[in-house]
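Note that the chains are named A, B, C and D in the order they appear, and that numbering of residues resets to 1 at the start of each chain.
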Amino acid sequence: MVHIAVQTADFDVHLLYQSLVEANSADGAVVTFVGRVREFNQGQQIADMFLEHYPGMTEKALHELAQQAQKQFTINRVSIVHRVGHLRLSDQIVFVGVTSAHRQDAFAACMWLMDELKSRAPFWKKESTTQGTRWVSG
Amino acid sequence: MVHIAVQTADFDVHLLYQSLVEANSADGAVVTFVGRVREFNQGQQIADMFLEHYPGMTEKALHELAQQAQKQFTINRVSIVHRVGHLRLSDQIVFVGVTSAHRQDAFAACMWLMDELKSRAPFWKKESTTQGTRWVSG
Amino acid sequence: MFKVLFFGQLADMLDCRNLSMPASSAANVYDLLDILRERDPKWSKALNTEQLMMAVNHTLVTPEHPIVDGDEVAIFPPVTGG
Amino acid sequence: MFKVLFFGQLADMLDCRNLSMPASSAANVYDLLDILRERDPKWSKALNTEQLMMAVNHTLVTPEHPIVDGDEVAIFPPVTGG
């Protein structure tokens, strides 16, 4: 199972977790990562943020990452949800969930997915800080 | 914040996640691990399981692990919940959640906690398989 | 014809999010970048960096990637999701 | 007096989950294990393994750890939580 979503709406960690474990007695390990808008980045205080993306490419890129992870690691289900648009302090930005028979595989795949997502998926963050607006450099 | 629980009752991943992120704008990363009873272990089909523990020592051991993780890694909140008693197929066994400003620290601490928990916390699993009952060897 | 899209800080610097070009104008992404840099000093400056990523038809590519009629080419600064 | 607790497969093999001993009977966990092994062949066999873990007053220890009056000593097979 691969679940991918790119959306402006918030996501429900509980529902995403449920879809990873429902009718799944093979997988003993579920690793999830949630990324959130945090108060300080590179020394500046964040008020809110705009997440631009490349419609059309974004979902394709995330699908490809999920499928590559399923080839590269001994894992089963993968769920990736990424928000776009205006986000405020403490808002959820991204969810990555992976299930596997064994925890090592689930951890490794989840970390790999986040690393790849951050270097290959077409999202760009524009932060509003106390010192004005700035694009986050890659 | 350190939250530790050892209980026979099931746990609610959503509530545990909420307690990690509530009033927490400093942490951009939340990593959680859930361990579940899976269908096959060491080649045998699992029907259910009994988890024995050492009351008194168990909570202390988990507290010490959480505190050690907070010293060893740049993380903030740690939540560990472990069930004991009778568990069935697909039941949740353990929850470990870690928050941090950065994902690398949260992943590293969560993995370390699971490794240490599995080698130092006083729990013992007795599995009922199609071939009878057996204690899982360490 | 092919489309060229810009995103993030690069789109802001160029004050341009997309344009169309004749298919014959550039054989590959490398050529396309050269042509765009010649537009004016603003474009030259914004595109004169090795910190660019590029995609053709929604797949990341290197500058050597050919451009053909109907392609969607995207040029953007390093991504910052997650 | 001190208490001795057994857990998991070891408790099943010994058919014993806890017992009490005079404080003077063992100076450390190493001594205690020797004394317990001398009880009978079943105990000797069950405790004759390097695959044992031990705790004194809820903290994991090595066999050299001293035992004093009032201690709670626990002896158990490798843990298997998580």
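Just so it is clear, a residue touches a chain if its C-beta (ideal position, glycine included) is under 8 Å from a C-beta of that chain, and two chains touch if they have at least 3 such contacts.
Because the structure is a prediction, the values reported are computed rather than measured.
Considering every other chain in turn, none proves to be in contact with both subunit B and subunit D. Chain centres here are C-alpha means, and the one lying farthest from subunit B is C. Measuring from the averaged C-alpha position of subunit A to that of subunit D gives a distance of 48 Å. Centre to centre, using the average C-alpha position, subunit A and subunit C are separated by 26 Å. Each chain gets a centre from the mean of its Cα atoms; for subunit A and subunit B, those two points are 23 Å apart. The multi-chain contact residues of subunit C, meaning those touching 2 or more other chains, are 82. Of all residues in subunit A, those touching 2 or more other chains are 35, 103, 114, listed in ascending order. Pairwise chain contacts in this structure: A-B, A-C, B-D. The touching residues of subunit B, when paired with subunit A in their complex, are 13-14, 17, 21, 24-41, 89-90, 101, 103, 106-107, 110-111, 114. Interface residues of subunit D, counted against subunit B in their complex, comprise 5, 7-9, 12, 51, 55, 58-60, 72, 74, 76-82. By the touch criterion given at the top, residues 35, 51-54, 56-57, 60-61, 82, 93-94, 114, 117-126, 135-138 of subunit A touch subunit C in their complex.
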